[in-house]
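Order as written gives the chain letters A, B, C and D; numbering starts at 1 within each chain.
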Amino acid sequence: MKLELRGITKRFGALVANDHIDLTVEPGEIHCLLGENGAGKSTLMNVLYGLYRADEGEILLDDEPVRFHGPGDALAAGIGMVHQHFMLIPVFTVAENVMLGHEPTKGGVVLDLPAARQLVAEISQRFGFDIDPDDVVGDLPVGAQQRVEIIKALARDAKVLVLDEPTAVLTPQETDELMIIMKQLATAGTSIVFITHKLREVKEVADRITVMRLGKVVATASPSSSTTELASLMVGRDVDLTVDKNPPTLGAESFVVAGLTVLDSTGQRLLDDVTFTIREGEILAIAGVQGNGQTELTEAILGLRSGVKGSVTLDGKELVGASVRDSLDAGIGFVPEDRKKDGLVAEFSVAENLMLDRSVGEPFAKGMNIRFDYLEEFAQKSIKEFDIRTQGSDTLAGRLSGGNQQKVVLARELSRELRLLIASQPTRGLDVGSIEFVHERIVATRDAGIPVLIVSTELDEVLGLADRIAVMYRGKIVGIVDADASRAQLGEMMAGIHA
Amino acid sequence: GCAAAPEEGESGAESVDYKACAVSDEGSWNDKSFNEAAYAGLTKAEDELGVEIADAESASADDFEPNLSNMIDANCDIIFAVGFNLIDAVNAAAVANPDNHFVTIDGYVADESTTNLKPIIYSMNESSYLAGYLAAAYSTTKVIGTYGGLQIDAVTDFMTGYYYGAKAYETETGTPVTVLGWDPTAATGQFTDGFGDSEGAKNISAGQIASDADVIYPVAGGLFSATSEAINESGKDVVFLGVDQDVAVTSPEYADQVLTSVLKKMTDAVYDVIEEQVGGATFDATPYVGTLENGGTGLADFGTFDDKVSDEIKAKLEELTAGIIDGSIDPLS
Amino acid sequence: MTDPTPDTLVKPALDPDDQAPSRWTVALRDIVSGSPLRTFLAIVLAFVVGAVLIVLTNEDFLESVGYIFSRPSDAISAAVSAVSEGYGALFRGSILNLEGNSFAQVVRPLTETLRLATPLIVAGLGIGLSFRVGMFNIGGQGQLLFGAGFAGFVSFQLHLPFPLHLLVAVIAGIGGAAAYGALVGFLKARTGANEVIVTIMLNYIAFYLLTYLMRTPVMQDPTAGGTPKTPAPDVSAQLPLLFGDSFALNWGFVLVIAATVFFWWLMERSTLGYRFRAVGLNPNAALTAGINVNRIYVVAMAISAGFVGIAGVTQALGRTSGFTPTVDAGIGFDAITVALLGGSSAGGVFLAGLLFGAMKAGGPSMQIADVPPELLGVVQGIIVLLIAAPPLVRAIFRLPSPSARTAGDRAKRRSAKKGGVK
Amino acid sequence: MTAVISTPVVHTVTEIPRKWKVSIVLGVLSVVAFVLFGLLGDAREALIVFSETSDAIVLPNVPVTSKVLCIVVGILLLALAAVSFWYTVGRRTVPMWLIIAFTILFLVSLVTFTGAGSKIPVVFLISGSIALATPVIFGSLAGVIGERVGVVNIAIEGQLLAGAFVSAVVASITDSLTLGLIAALVGGALVSMVLAAFSIKYLVDQIIVGVVLNALVIGITNFFYAAVLNDNSTETNFPGTLPFLPIPVLSDIPVIGAVLFDQRITTYIMFVLVPLVWFILFKTKIGLRIRAVGEHPLAADTVGINVNRTRFWTVSIAGTIAGLGGAALTLGSVGAFVREMSAGQGFIALACVILGRWNPWLAALAALLFGFSKNFRIFAGQTGADIPPDLIAMVPYLVTLVAVAGLVGRVVGPAAAGKPYVKQ
């Protein structure tokens, strides 16, 4: 089926996420949509899918204008989508997830579960997926969930398939498998829109490429274009993602993690015998596909988890069993991976957020009273030093852009006397300018002789920042390598193959 | 809506310049029982004497005091505080407003020197004793039941009399009689969660019926309707006894289950007090105690059950009445 | 956006499934941001609905509707007089009694309003505090009963000289209620039990427990004859009258003003209040920032219940006679509506408590004017429902949407034109 | 949109932590039953009464020595507790059947102990419990459905009260019990619709709307009770009750017949609704969609399910069920409406929703347990057991509290319950 978008505009308040976007996808074509974080790719596809209502513009399928009032209409018209954030119901089985919305029934009322199972089995077999229809989706690894999403789309016989950053959660090997499937589908006549910002993938599968930046289509390119060419189209200037830093000046091994294991309430090992050390003045980066225990690792170090065994020492002080408060007092600065959920109180002002982890005693309080004058002074200083773009210290943190929210968290965490900095996904969702700033601050912290632990799923960031790299897979550290390791080697390690 | 408009200026009995007011205990006037009986005295005075009346229901104990003081502000000539729970509030009001006249029903005077507060109280154990004897005699299973709306003296007074009346039958005839729902020696028994708890009342009644009770004495205001429902559900031949008013008359829909009612003639007492005052009598604070002797309390007639109560029993009840009046029978033992 | 997979991991302190922040965020923002105009309009609207109910249940009006076409003026005048009599009585009972014979009689309604508002305000503060920590405390009734029970116990079982006795009784009441609140916080923190259900069950338990104790020598008034009732508090433990014998208003009101100021300081100025607010708005972030969220739940519930306990204290000690198990007089539940209406802020709750106190004070005189005071329950419900749903009030009165109107946004737009905030 | 996907890694389960709580509770209770009711129990005789003399088939009364039976049952309880320990040691969860069997046996022991020296009317104990549980079961079904679709229904109390009020008034005025029942459906649905509209359209917090609605329904019914019903109660508040509809033959079976087959239409509806709601939720297309909306509304939206419409109608229909519960309070029990007669049963229903883990069967069982504890108060009061009545009255609430805090604790409900769904 041929898909055509004409002049699609979508605003979120004052923000124009899509600005008069035109896009055509021919039948059987794999069309790549390339763009930085926040370029408006997902928004465009959500408009196509009927999830968002466009402010302007029209959609044509096989040259017929269509109007979608909701995803139901889009699905009926043959559009399938694998969403960037999976749209699976964790407590349902695979079969239930796949049939949801177009359930086979007996007599129009009672679910026909065998029929749904049959359908899942058939599709799995056709594409060589190893999926059991009766597995509960929440128990499946991410890669398998991804495949369930694809089965969902295929089960509805999608003529146009949108894949929104499907590779973000996949290992390189799984990515390769996915690309093969995409090619299979395209050959069978399905039109595919493939969203990513990984240039290698684009070059491998795309028939055509559309590049978006800041809500606009900035170019249409062919896969033969060079990587740097595509990159500068995407970013809007020449890119240099390397981080400027001097070789490390290493001090004592002040941070030691030994045999750290985390069990969840059902007894599963989320973290399995993790051991590493970081020296003063060194950055250790944890690489790995999302969901392999990185979150649990940082949370266990901070004291946010129960069921922790093993040992974590900072400057010789044991932190397993200590409270979060104790860990912070021991000198840990912590930048959580999800700043909105764990880093900030959105309804607090910038200033109030800056004292979140020091609400007792000096310097922000005197007795039970908050020292508002000191707080204001501190806030002004932080705003200036960290270039936080806000109307004032009393602006609510939730109203800041993502990058500035991150700067608030950094300003807070770096303002204490640190003995260890832990930063998870420090630049997720930030623009290039902010990324550079954050990287600079992290390197400066290292250069001040503080051990730094970075967790990032972006290989570029890991390679740019790290002095050493540890790769995690299924809760274990697969290996620790030097910063000059090759992408290929890291890729294999991320897939669980030992270096 | 096309009816003709009425003529202007119709009004009731010629009016006198006297205002009688009443404040209820927690609960509404239309409780088919205690409050209703007292309130009826007020409306009777309105109809027959032409006095002006005003009333206030109390939703909670917190309302007693404001309700009373509003009545004082509303220039009431006499204020009836209907219910045991109002004792404190009405005593305080009487002391604070020596020029107003108060009547407490079921209450007492806390301070001897108070001369503007008249208690109206009843010896309900006397008539209840008769009811207990009657119930025991009427019962074929020789199991009878009772329950209260709250475990307070104003309620258990009824139940105790009932218990000893039944036991009197037992001693007299030698037939063992089981009284469910109240044991005066241990002071334990069955009570609902207040006078509005019809669900509880129904279940207590159902439980007593399941244990073979065939006469039930609900001392719980209007909750007899729940007992009636329990009787209907059981499909058994069970009767109950009314309290306060003659239930067979005031709620005729239940007449075929009302063996008799134990009367607490508050309507008359309230009316009499107002009538006296309107007639110009000086306010007399001496307590009025309703007894079998002065007819303030007693059994109603047997209504539809008249022919089911043998003359023998009727005679016996007369005899007991006389005994209680002359003091030879103590209804509380 | 919700995660596609549930976080089945259990963090030590926080219920992972307790997604309270988002829900609470929305709710609290709604509540706390109630603009005065909207509140005013909601109150007006609720009284209009009340007027309609008065008219529809007025006998004269219903009679005259029967011949509305032959003489419509009757219906109209009946309606007008019913409403004006009803609301006139409300005014007379709660603000000024212009028919009064003496100054005292004229202004007594006002003091009655203050007296009845006293426990409502302070219980509302307590409930409001729990809201701001992200807990839904429906246990006002039980906490009030505990407060009254403990204060009462001290007031008639201990015998001490005047100011000391009163002081000890007040502290005992607050402490008793706070202990009860701490239990709720502990159960939530420790077992993850839903506090809505825990507090409701504890309401019943407190009621029956108190009733039981009032039948035992521990708390029974020996003269009450079987009735569950306490003895009168010793004079040395009673809250003294504020303006002499003509007015029932007592020092409890002053205590409550002090409590209101304390509440303001606690929530807006103190570090503890800061942590309460942080936990209420985003417990995850608070936990990550080293705040012991579980301990905050326990402490906050204790303080919340302590405030409600003050209401119990004024109920128990603001009288010369003993009290019964119904001493809470619905205040525990009304406090929830007061807190919602007052936006859980010190000033808001104070004003909301006054409004509800006025309605309570006006009830009896409405009754004399033959309008059931139950009407005020409807009016209160409608007010709070409207306050809770700002878009609805805006729709009814065609107010502009606030999103385009806040000062911040105007400033943002201005600066956006200038090329962004630098 | 920086939502973070954090998927726990799946590994082979190594050490499931042993959860002792259930076993310990059962252990303690079994020892209490064995020692207190059994060994130290009452040696008097209790007469177990299975049928009325008027029944079609009369089973003989069975006299038992209270103490002996309690010892026997106590041994069974100890055995069950031992089995539960065995499960826990083996790192397995104690199965539901065991907990249910234990509860029933414990109650048997309690009743036998209390009934020493008097009669134990079995039919009254069971059917009384069912009668007291009926409104709660209706309410909890409404709660289960509402939370399953993502709307927390604190307004069950208000729905019960509204259903009770309108059913009594309509049946009374029209003289038709059928119309009264229909009115109850409408009344419950109306309250639900306000709840749904405010929480779905106006995005007001669901708990707040629920609490306010309860207050409002109490206010409105109190007002009309005082302003209208009070003055002419025979016309407006004297509906009578629904007739009993014994099912021929079946109703003659001893005990079971009286309990299951000789009931009012409201009770029969309840018997049918519990399995029906379960079936609809878990076996039908609409049920799958309802649960999807309650778990992950956005995901449901992406497959073409209209989330808010599904929520609105599901909650509204659940409201009709709660409304019927209200009718069960009036037409199905005592007839006339009484002020605030729901008396907190809506909140108990809410507790049953959680105790029953959002499952209609378990919620109904929880409600039955509550009904039994209320009924036990009546039974104990009648046998003259000398426990202070105020303390017995406290038992149902204490049981609920202990169950919610002790046994259930941190259970996971529908993930999106309580959260509004906003579409861009």
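Of note:
Methods note: contacts are C-beta pairs under 8 Å (C-beta built on N, C-alpha and C of every residue); 3 or more make two chains touch, one makes a residue touch a chain.
In this text, all values refer to a predicted model and were calculated from it rather than measured experimentally.
By number of C-beta pairs in contact, A-C leads when B-C and A-C are compared. The most distant chain from chain C is A, comparing centres defined as mean Cα coordinates.
In this assembly, the C-alpha centroid of chain B lies 37 Å from the C-alpha centroid of chain D.
Once the centre of each chain is set as its mean CA position, chain A and chain C turn out to be 45 Å apart.
Taking each chain's centre as the average of its CA atoms, chain A and chain B sit 76 Å apart. Counting only residues that touch two or more partner chains, chain B has 57, 151.
Under the contact definition stated at the top, the residues of chain D that touch 2 or more other chains are 1, 3-8, 225-226, 296, 298-299, 388, 393, 415. Across the assembly, chain C contributes 1, 3-6, 8-10, 215, 374 as residues in contact with two or more other chains. Inter-chain contacts, as defined above, occur between A-C, A-D, B-C, B-D, C-D. Of all the residues in chain C, the ones that touch chain B in their complex are 63-71, 74, 93, 97, 100, 105, 108, 112, 116, 215, 225-228, 232, 245, 248, 315, 320-324, 326-327, 329-330, 360-361, 363-365, 367-368, 373-374. Interface residues of chain A facing chain C in the complex, by the touch rule stated above, are 14, 85-88, 90-91, 137-138, 145, 264-266, 270, 296, 299, 302-307, 323-325, 327-329, 334, 336, 341-348, 352, 355-357, 359-360, 364-365, 368-370, 389-391, 395, 399. By the touch criterion stated above, chain A contacts chain D in their complex at residues 12, 42, 46, 49, 51-53, 70-76, 81, 83, 85-92, 96, 99-103, 105, 108-111, 139-142, 145, 152, 169, 263-270, 272, 290-293, 295-296, 307, 337-341, 402, 425, 428-429, 474-475.
Residue ranges on chain D touching chain B, taken from their complex, read 49, 52, 54, 118-119, 121, 123-124, 128, 131-132, 225-226, 230-231, 233-234, 238, 241, 244, 329, 333-336, 338-341, 343, 374-375, 378-379, 381-382, 384, 386, 388-389, 393. On the chain C side of its complex with chain D, the touching residues are 1-10, 15, 17, 19, 22-24, 26-27, 30-31, 53, 57, 136, 138, 187, 191-194, 196-198, 200-202, 204-205, 208-209, 211-212, 215, 333, 336-337, 340, 372, 374-382, 384-385, 388-392.
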